[in-house]
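See the structures that follow.
In the two complexes below, chain A is the common chain; its partner is chain B in one and chain C in the other.
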Partner chain A sequence: MIDTLLYGVTIGAILYIFSIGLSITFGTMQIVNFAHGMVYSLGVYLFITFLPWVAGIFPLAMALAVAAMLPIAYLVERFIIRRLYGESLDYAIIATYAVLLIGADVIKYIWGTEPQPVSDPIGIPLVIFGVVIQLYRVVVFLSAIVLFIGLKIFFTRNVIGKVVIAALEDRDGVRALGLDVNKYFSIAFIIGSGLAVLGGVLYSPITTSEPYMGFHILLLAFAVVIVGGMGNLTGTFFSAFALGMVIAITGRLYSSAADTMVFVVMALVLLKDPIFNFFRKLVGKPAIS
Partner chain B sequence: MSEMISTSGLTKKFKELVAVNQVNFRVAEGQVAGVIGPNGSGKTTLFNLLSGYFPPSEGQVTFQGEDVTGQPPEARVAMGMARTFQLVSVFDHLTVWENLVLSNVRFRHNGSWLTNFFFKNARKKAILEYCQESLDTVALSDQAGTVTSELSYGDKRMLEIAIALSLKPKLLLLDEPLAGLSDHEIGEVIELLQKVKSDFTLVIIEHKISKIMDLVESLSVMNEGAIICEGEPDEVLSNTDVRECYWGREDC
Partner chain C sequence: MNLSVTQSVFPVGPANRLLVFRDMAIIAASFLVMAIFLPMYWLTDFAIFCILVLSFDLLYGYMGHLSFGHMLYFGAGGYAASLTLLHLAPNPFLAIAVGVVSGALLAAIVGFVVVRTEGAAFALVNLAFNQIGFWLVLSGLQDYTHGEDGLPSTVEAIGFLDFYDTPVAFGFMLICLILVFWLLKSLVSSPFGIMIKSIKENEDRVKFLGYNTLRYKWLTFVIAGTVAAFAGVLYALVKGFVAPGDVSPLENTRIIFSVLIGGAGNLYGAIVGAVAFELITNLLATTIARWEMILGLMLLGLVFWFRKGITGYTYELFLKMGRRAPAAD
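Coming up: the complex of A and B.
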């Protein structure tokens, strides 16, 4: 029971860290950004490459992988995402999906299709009530909590954070204040991308990494973002953990239904509001009325 | 008198619909201009073109003698153009005070990093004082700590105007600022505008023509995307075309 619970919060933590960037892109630009999965998987492969270079020091390789992906994220934002703003939803899906596919191909070309295991960097088992659990998973869970608090502070105290949140509420209103929304959005996008890499790296010792890893987490993360409310960062936090628990509990009872249950939950949440409302949110309010 | 803003052949098409059609609109510096017209006649679209939210399908916008047609909204704000929205636009999750401070974010980063470094606190202090002043102008000082979502619609409108004023505009565009307000609130907004109008050029879209008759010095009437009549308010309102398009409307 405790191990299921811990598995749930670990998956929840990873989903949360990954989903923040998606949620911001949804909320500010009304863009469905599949390229987020590319940043995630490429970041993890870079991490795996860096690890032996830095004598296996996990946090150092992680920092290098995040740093290496930031310029790539910037290019994706500057030359792809920004051009899609205001275009129809399907253009955004097609263009960013292409980036995701290219990313998978690049990975296959450089690293091959072999799954890449990463060993647990802590490797200390704890025994709680007679159940063995890995300390590493507790650390992952705690990282997500710390991140949540850190982001809360950033988005309520820091000027950049405040502007991003204001743009989530009313993009045109922010522009009316003479602020270049794109500049702030770029910063948020890059932070979100860095977090995607962070999530991927933290997840790598728990799972095995393979070229299509970005596709799988994206699907789950879309469910997280939709359940949590697009652009709602607190909602994203809670829905990530809730869906993480759904995955863990279903996985224990009937493992092949774990992912399906996530979408059943998502469907229930969506049906609660009329479906019409969902599409309105997805497409965004009319620019100016 | 020099021109504050002018357009030539300004046109906006949404697919087949021509929302703004070959509009030549000009407002002289210091003037208070009104824009009226029936629902869907293109008034808001005209504002969106003036303020840069839509690129025009054809034509130009000239602001203070400069062609700004390709400039984004934020650049026009920096040049001194502020606007409000038909549906009031303030940040509901922030307090009244935070709304004002946010609207002054861009002033924080003026100047070189050196002056920013040495005068950061002085500038911050000046900004805070300035925000306080703006609040006093609209008599919302008591509500400074209130979360904006709890304000009445009228107070939100006042705050939105205060924010626009705090941008120190040379040209202020107000899109139906009186819509949805009680008579008492309308009186307050009008009083405020009378008080501050000498500081800038003002263009105001309004359905409640009678309420702004004392305020505006010129009136333009839009119908089906075109300006069908403009001039002195009294003359415009006695024009037969205008009467026809407003025929049956209680406001006239």
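Coming up: the complex of A and C.
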């Protein structure tokens, strides 16, 4: 029971860290950014490459991987996302999807298709109520909490964060104040991309890395963003943990259905209005649209 | 809206019935001409893929709803047909009937959920459903679908209709393609077609005029899913084999790419795009190792510099030459 709960919060933490960037691009630019999956998987592969170079020091390799991916994220933002801003949504989806495809192929070209395992950097088991749990997972969970609080402070106290939050609400209003919205979006995008790499690296000791890992987590993260509300960062936090729990509990009962359950929850969330209206009709009240 | 480029190039209005027959003859003739130069089993695949892309074009090109989950219906049709052939009777027409009906039912149920979403959410929710279907085929319903191994099936010959005789299969697929083209052509030139094009242009105004757009979107979604399932059935009949790869969400890129390269929003574009894509894959994929890279770069190129597609630019060329272009759409 405890290990299921811990697994749920671990997955939730990873999903949260990954989804922040998606939620920001969704909310500010109304762009579905498939390229986020490219940044994630390429970052993890760079991390795996850096790890032996820095004598296996996990945080150092992680910092290097994040640092290496930031310029790449900037290039994607500058030359793909920004060019498509204000255009039809479909083109943005297709173009960023193309970036994801190219990323997966680059990974296959450089590293091959073999899954890459990473060993647990802490490797200390804890025994709580007679159950053995990995300290590493607790660390992942705690880092998500720290990140949440840190971002909360960033978005309420820092000018950049405040501008991004304001632009999430009303983009034109912020422009009218004479602020260059694009610059702030660039910064927010790069922060989001860095967090995607961070999430991927933290996840790598729990799972194995393969070229198409970006596709997989993207689907889950889209569900998180839709359930939490697009551009709603607090909502993203809670929905990530809720869906992480869904994955863990379903996984315990029927392991191969775990990811599918997430999409069932997402469908229910999308259908909440019709269901709600159905019950209103039952008790004789007019439907709300 | 940039999407409506081809829409404004090809005027909306009821098509002349004779023109539809002329176009059907042109499609048949060009396939027969291609049969001289290309292996016939390639063209069988081309025709099936054309049907799939046509169904997607109805959804994306005409109604403006980009879906990342269209392979679900293709796969549903294919698996339903194969299971029918295996467990009920090896009759191709029974397989077609069961496959198409199950595709339609699936699209009806899924459509009930997805048409309530817009834009990005629509694409993603479809992707999610496709992923669920992929998972079901791969492991959830493994007892029926044989998971990764795929599902082989055989179909018996009825009279001269033998699906393992390449020219006969090719002829049958070509007739199916032409019929589907005729069906969709009639649909998009009908008042219903004008309605779904209006939904693409501005859904709020259509609602404001008092139409229940949800109902039209749902119906279009079901039709698109049904036609895609039909393509899946044909695929299963000809190949005698379906595998989880035929439901894979990753395969949707092929359809989207084809619609874009041909020109979204007109049925000729779908057919030209499907044939162009199949030619590129069949001729290049064997010689170029980094296929996904090329596909990705070409997609980027299409999005940034070649939005009207082959048919869109051809039409512009016609206009520039000062001739009266063939009345398309």
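Please note the rule applied: the second predicted complex is superposed on the first by the 272 of 289 C-alpha atoms of A that agree within 3 Å, B and C clash if a C-alpha of one lies under 4 Å from a C-alpha of the other, contacts with A are read in each partner's own complex, and residues count from 1 in each chain.
Simple rule for what comes next: contacts are C-beta pairs under 8 Å (C-beta built on N, C-alpha and C of every residue); 3 or more make two chains touch, one makes a residue touch a chain.
Just so it is clear, the structure is predicted and the values come from calculations on it, not from any experiment.
Asker: Between chain B and chain C, whom does A:Leu202 touch in the aligned arrangement: first, second, both, or neither?
Answerer: In the superposition, A:Leu202 touches no partner, neither chain B nor chain C.
Asker: In the superposed arrangement, which partner chain does A:Val163 touch: chain B (first), chain C (second), both, or neither?
Answerer: first
Asker: Is A:Gln30 in contact with chain B, with chain C, with both, or with neither (first, second, both, neither)?
Answerer: It touches chain C, and chain B stays clear.
Asker: In the superposed arrangement, does A:Ile226 touch chain B (first), chain C (second), both or neither?
Answerer: second
Asker: See if chain A has more residues touched by chain B or by chain C, and give me that chain.
Answerer: C
Asker: For A:Leu179, is the partner it touches chain B (first), chain C (second), both, or none of the two (neither)?
Answerer: first
Asker: Does the superposition put A:Leu271 against chain B (first), chain C (second), both, or neither?
Answerer: After superposing on A, A:Leu271 lies in contact with chain C but is clear of chain B.
Asker: Looking at the overlay, does A:Ile94 come into contact with chain B only (first), chain C only (second), both, or neither?
Answerer: Once the two structures are laid over each other on A, A:Ile94 reaches chain C alone.
Asker: For chain B, which residues count as touching chain A in their complex?
Answerer: Where chain B meets chain A, its residues are 44, 48, 51, 53, 72-74, 77-78, 82-87, 89-94, 98, 102-103, 105-106, 108, 163-164, 167.
Asker: State the interface residues of chain A toward chain B in the complex, per the touch definition above.
Answerer: Result: residues 159, 162-163, 165-166, 169-170, 172-173, 175-181, 287-289 of chain A touch chain B.
Asker: Help me check something: in the complex, which residues belonging to chain C touch chain A?
Answerer: Touch list, chain C to chain A: 1-3, 60, 64, 66, 68, 113, 116-117, 119-121, 123-125, 127-129, 131-132, 135-136, 139-140, 249-250, 253, 256, 260, 290-293, 295-297, 299-300, 302-304, 307.
Asker: List the residues on chain A that touch chain C in their complex, please.
Answerer: That would be residues 26, 30-32, 80, 83-84, 87-91, 93-95, 97-102, 104-106, 108-109, 212, 215, 219, 222-223, 226, 256-257, 259-260, 263-264, 266-267, 270-271, 273-274 of chain A.
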